[in-house]
Amino acid sequence: MNIFTHILTGPITPDAHAAVLAAHAPHIASLQNDGSVGALLRFDGIVRRAEPSTADPSAHHDLLALDYQTYDPMAQRELDALAHRVATRYALYSLIALHSRGRVHVGEVSFVLQVAAPHRAEALAAMTDFIDDLKRDVPIWKHPVWAK
Amino acid sequence: MNIFTHILTGPITPDAHAAVLAAHAPHIASLQNDGSVGALLRFDGIVRRAEPSTADPSAHHDLLALDYQTYDPMAQRELDALAHRVATRYALYSLIALHSRGRVHVGEVSFVLQVAAPHRAEALAAMTDFIDDLKRDVPIWKHPVWAK
Amino acid sequence: MTIDVLIFGAASRAAGTDRVPVTVGDSPTTEHIAAALAEQHPALRFAVFAAHSPNSAPHAARLAVNHAFAPPGTIVHAHDEVALITLVSGG
Amino acid sequence: MTIDVLIFGAASRAAGTDRVPVTVGDSPTTEHIAAALAEQHPALRFAVFAAHSPNSAPHAARLAVNHAFAPPGTIVHAHDEVALITLVSGG
């Protein structure tokens, strides 16, 4: 299994993402070429302008950014443990998860999850489980930053 | 809504895919940057070596390729109608679906689906529905080609 | 009248051809055509059977007329393009 | 003994700090620390309450000791790092 998780400071830019994938692409490509992988699924989570304020759900201010607070190194450890649990449960060939810490502006990517699985069903189920558990077990908190 | 579907001859190569995405990327990027899109989800379906033979599920030959037969132009029409139904049902911002016709070898991509949605839940549900309905309503048939 | 029906996938391989003629009365419905297909082309029965059953499974074979799935009772005319859409397998 | 507890997210904003001291007896369990947190830091009660309830919801606050979620009854030592993991919101 090819598992990689990383918490990086700031948004997950296309360049940052490409750099991570480049390190793993040869292994995933070889699993694809030999006919093992049937499904590649990739999710990008983007900060939305309409993100509701947890403090005031009725707030109509425009969101400027989210500040992600992580409890290090526990957040990284839990993220990695989660990746191994999910990859094992669904017999994935690969799972790559990236999460931001610090400020991520509206329109920027704060989370990326990519899985390679034998079939579509495992890929979709793994993604759903991973994100559900991420939102339960990984010590990361987001705090809205409102436009003035 | 930004909807595009296409059936192309042969595998969906990275270049073919990039060419399609390039035409739609500016629109999707603008929806992302303005804070509308919260979830981008992309699925690549790859031909596996262990694809079971429908004629003989116990066959242990190695698969060489799948030959996809499409009933044109009905397949394109149904694919497009399906895309509109799913995009409307889940209020997607964008849905791009590519499918192969003809021969696709093991390890090559025969299907790509990319959706942009307000949230993760809609993106995942839209993807599941689209593929389920594709396998019911779009006149495309696959035929295994076994290695000698 | 005689109508050519396009066939695909396993049906096409079973029949060894990509279209088969069926002889039907005037102003046939798609149900008449499905019944004639099964009667006049035994090799296609496995693919056709569900198409004229009242309890068609969602994945059953269906007839398309002029590139659209035909609702029950659709009347087929001489120059319509008729196709037997057996269980599909894209994706 | 006095133990500093790290706090985050809404708990940290409510308390206006990122760590709070709690005074507990010797060899305290995580349950003792949670109870002391709620008693000695009323601003944190909203975040702590579920942590020492026997019917903790899956999303309830939990204590981590040395960067791992602590099972019930975990005994905390003087130099352990203790953190209150309130409802997380990553992704």
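Each chain carries a letter (A, B, C and D) given by its place in the written order, and its residues are counted from 1.
Criterion: contacts are C-beta pairs under 8 Å (C-beta built on N, C-alpha and C of every residue); 3 or more make two chains touch, one makes a residue touch a chain.
Everything numeric here is computed off the predicted structure, so don't read it as measured data.
Shared contacts of chain B and chain D, meaning chains that touch the two of them, come down to A. Summarising the inter-chain layout, the chain whose CA centre lies farthest from the centre of chain A is C. Chain B and chain C have CA centres that are 27 Å apart.
Rounded to whole angstrom, the centroid-to-centroid distance between chain A and chain C, based on C-alpha atoms, equals 48 Å.
The geometric centre of chain C is 69 Å away from that of chain D, both derived from CA atoms. Of all residues in chain D, those touching 2 or more other chains are 91, listed in ascending order. Residues of chain A in contact with at least two other chains: 45, 120, 131. Those chain pairs judged to touch are A-B, A-D, B-C.
Those residues of chain A lying in contact with chain D across their complex are 45, 54-55, 68-69, 71, 73-75, 77, 99, 110-111, 131, 134-143. Of all residues in chain B, only 32-50, 63, 106-107, 118, 120, 123-124, 127-128, 131 touch chain A in the complex they form.
Note for the complex: chain D touches chain A at residues 6, 8-10, 12-13, 58-59, 64, 67-69, 83, 85-86, 88-91.
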